[in-house]
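For reference, the structures are reproduced in the following blocks.
Consider the two complexes below, in which chain A is the common component and chain B and chain C are the respective partners.
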Partner chain A sequence: MQTKSRIFLLVAKILNIDVNLINEDLSPIDIESWDSLKHMSILMALEEEFNLTLSDEEMVSVGCVGDLLRLVDSPRDRF
Partner chain B sequence: MNDQVNNVYATGKRVSLRPLTLLDAEGPWHTWFSNEETMKYVGYWRPNTVEKQKNFFRSRVEAGDDLVLAVTRNDTQQHIGVVSLSGINWIHRYADVALIIGDEASRKQAVFGLEAFSMILRIGFMRLNLENIKGGFIEGNEHSERILKAMRFNFVGRVNDLFLINNSRHDHVIVQLTRGEWLERN
Partner chain C sequence: MLFDLSLADAVMEARKIGEGKPYRILVLRQCTLEPMAPYLVTGGRDFGLEIEISFGRFDAMVQDVLEDDLWQPEPDCIMVAPLPTRYIPQVVEGAGLIAFDEQAADIETALASVEKLITKIRERSRKPVLWLGFYRPFSAPLGLSDERRGERSLESIIRRINLSIDNILRTTGPGWVIDMEGCAARVGWKQFYDRQRECIVGLPFTSTGLREISIECLKYIRNLTGGLKKVLALDCDDTLWSGLVGEIGPEEVDFGLHGFPALGHRNLQRLARCLKERGVLIVLVSKNEEANVWEVFETRKDMILRRCDIAASRINWSPKAENLISIAEELNLALDSFVFIDDQMAEIEAVRRFCPEVTCLHLSKKNLLEIDGIISSAGWFESTEITETDRTRVELYQADIRRDEMRARTLNIESFLVELSMDLEIKIDKNVDTKRASQLCQRTNQFNFTGIRYTATDIEEFIRSDDASVISLAVRDKFGPLGDVALAIITFTQERAYLDTLVLSCRAFGRYCEYVLLEKVAEISARRNIQWLVGRYVPTSKNAIIRDFWSKNGFNVEVSQENIQTATISLHNFEMFYPKIFRSIKQGE
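Then we have the complex of A and B:
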């Protein structure tokens, strides 16, 4: 499965919404269920799903679904 | 107001940290400590007033050695919370971290609290050269627990049944992050 699809599924599952509602621009402002607890859950699930260790700066950079994609796709030198 | 806005100590993507002033006590700051929802898991809840907040400012913020900063949103300059490093021990180089996002709308979005917390850790380790930052939360406080987990704090212990909230006992969970652990990720 493509990275994008995996991230969309992950977000949909945590927010408990239809995956077809997910797009790269989707942010906490658009979805009421995307509260602070869900946001933290998404970040931690992303780390687990893609075996990542995000820096503080990377965690803070996430404001929408597209940011999650960019984090996973960005080159990393810490592995 | 302009002095407050311009006197920024650290700026992030969405929030900034600036020194608190006596004027802040007259704003929303003092109301957060009377709010049941905000204070539910702080373990302290007594009615607060502007005068009490001014006394706190004079004794703890202005005269004390604690670093207590206002968290403001970059988009609106709104004062949404406070973040602190208190009990700073300059010999052993440790401090206790705390964060309160009092503004309800901002609290619902983790991005503001997460960034403020990340910034105070950077200040602690990189500007104050601390070696250890400690923290704690009352069992059941999911917001604190998840932020501390995300920032890779280690859960080092708990004081059983320390807090009595709504006739129910809760443990105090103690966490710690060392400078070395923080540097590994940052």
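Then we have the complex of A and C:
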């Protein structure tokens, strides 16, 4: 599966919405159920799915689904 | 299995709507733990438990004990999640900065505050407490030299604090300290702890860490709710040893100390042997010539598992599902208490299809070396206490099989029972072995009228109370002791004696022990000038066998809308009708 569809699926699972509703611009403002706890769960699930560790700057920088894509694609040290 | 479930999948699973009465966990915490909820809920479903979790406020554990709303309805279990850096900062941060003597005072203070919190919780509820234990910080403040400090090292100080907490919990009611360092060690510190997230959102663990903590907590919860398995059914070829005994002979099958996969099979044997010592029944289900298999057991001196460890076996060419059903009948245990391990996927699939109640585990080259970890994580066999009955359980069941053979030879059941020469021993209140009594509550599913699972501490409380009595019954016959097999807990009011709990181990079915126990209950109640004896029947998925017990025995039964029976009988004309088959009945001193 493409990175993009893996991320879309993961966000859809945690927010409990149809994966077709997800696009790169989607942000917590658009989805009522996307609260701070869900936000954290998304970040944790992302780390788990792609086996990476996000720095605090990176975590704070996430404002929409597109930002998640950029995080996964950005070069980094892996464990 | 929770073992390899990702957070996103656990969230999905947890969202499904469950059935049945929920098991409520109240979490008092000093950190963010909400993302642990999906793991607990999903893991609980593995053994049919619908877990519901409510969280106290962030870092308000003491206040939350007093917060009435949080305790309505009463939780079934209380989880306490303190953070070492917040709860015992002097100890964690002080290490290496202040003298050891001063630190001793800090430890005292910390423990006093732990004790106060636990006392407050116990005043609020007598339900089990799971305390997430303290753990070392990522690096020791004194670096390598910390190791040299022996009992002054931070590692050993933290271990001692955890032991003291365990002690406080144990002496005040049911409760355990969750081994957080063990959880961290299993997944690795770097994968467990997240200091950065602790700073930002107050969540000190990674998703991997949260899953591991959930797995550990669920072992206790499974224990408390009676979800334990009792039987491990093993295939032989390529499971207990590497190679096919029918082809290469008993000398050539391999389970040696060296090399793969032999060592893996050896580990599995060791695991089975340990489980047997813990009271799990080991049975063999193998497609083989029976003589070949036993030849391995008898001629290979290096076998870890011995023939006497095997409670029952079906070594033939019949389908394994059929064999498992027949073993379940022989041992008088339900199929859902079985775990079946086989290296052949086809066998696993067939058992899954025809005995869906059996939990199956496919042994592959990939997981062979991990098998002990998998079985431990699944929590199938994780008892919190090991009793004398556990250690001798296999002998008990082997004697059962000899009894069955005798029954087949004897013409009618009563003369068979007389021939057994049964001696009963009735134990009342302080003579009752509370650990075994609690085990009877936890493990008995079929002959269990109310399905209430009491811990040893609960039972001690009944014993101490003036308005309650606990009676247990031990049986011995010519084939050996069966141990404590029946338990009754009665609570008294002025006019009525209520049978809060009445359980009979499946080993003692059909021996009329329950009647002796009821007679004793009646006798004790009558001595208090009580007029009525009241029993109940709360239907569960497994106790249909005793649905008509009350009505058949002259009780006046009323059935509620939820199908709960309340059965009443006057103690004036109380008499139990059963054949007089016991050699002796005495009361223990």
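By our rule, the second predicted complex is superposed on the first by the 76 of 79 C-alpha atoms of A that agree within 3 Å, B and C clash if a C-alpha of one lies under 4 Å from a C-alpha of the other, contacts with A are read in each partner's own complex, and residues count from 1 in each chain.
The rule we apply is simple: a contact is a pair of C-beta atoms (placed from the backbone, for glycine too) under 8 Å apart; a residue touches a chain by one contact, two chains touch by 3 or more.
What you see is a predicted model; the values in this text were computed from it and never measured.
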*Is A:Ser55 contacted by the first partner chain B, the second partner chain C, both or neither?*
both
*Please work out whether A:Asp35 is in contact with chain B alone, chain C alone, both, or neither, and reply first, second, both or neither.*
first
*With the two structures laid over each other on chain A, which partner does A:Gly63 touch: chain B (first), chain C (second), both, or neither?*
first
*Partner chain in contact with A:Asp73 - chain B first, chain C second, else both or neither*: neither
*Given the touch rule stated above, what does A:Met44 touch, chain B (first), chain C (second), both, or neither?*
both
*For chain A, which residues belong to both interfaces, chain B and chain C?*
36-37, 40-41, 44, 55-56, 59-60
*Where on chain B is chain A touching in the complex?*
12-14, 107-111, 113-115, 118, 121-122, 142-143, 146-147, 149-151, 185-186
*Using the touch definition up top, name the residues of chain C that touch chain A in the complex.*
6-9, 11-12, 15, 32, 34-35, 190-191, 196-197, 199-201, 203, 206-208
*asked:* Quick check: in the complex, which residue numbers of chain A touch chain B?
replied: 28-29, 35-37, 39-41, 43-44, 53-57, 59-63
*Over in the complex, which chain A residues touch chain C? Could you list them?*
9-10, 13-14, 16, 36-37, 40-41, 44-45, 47-49, 55-56, 59-60, 79
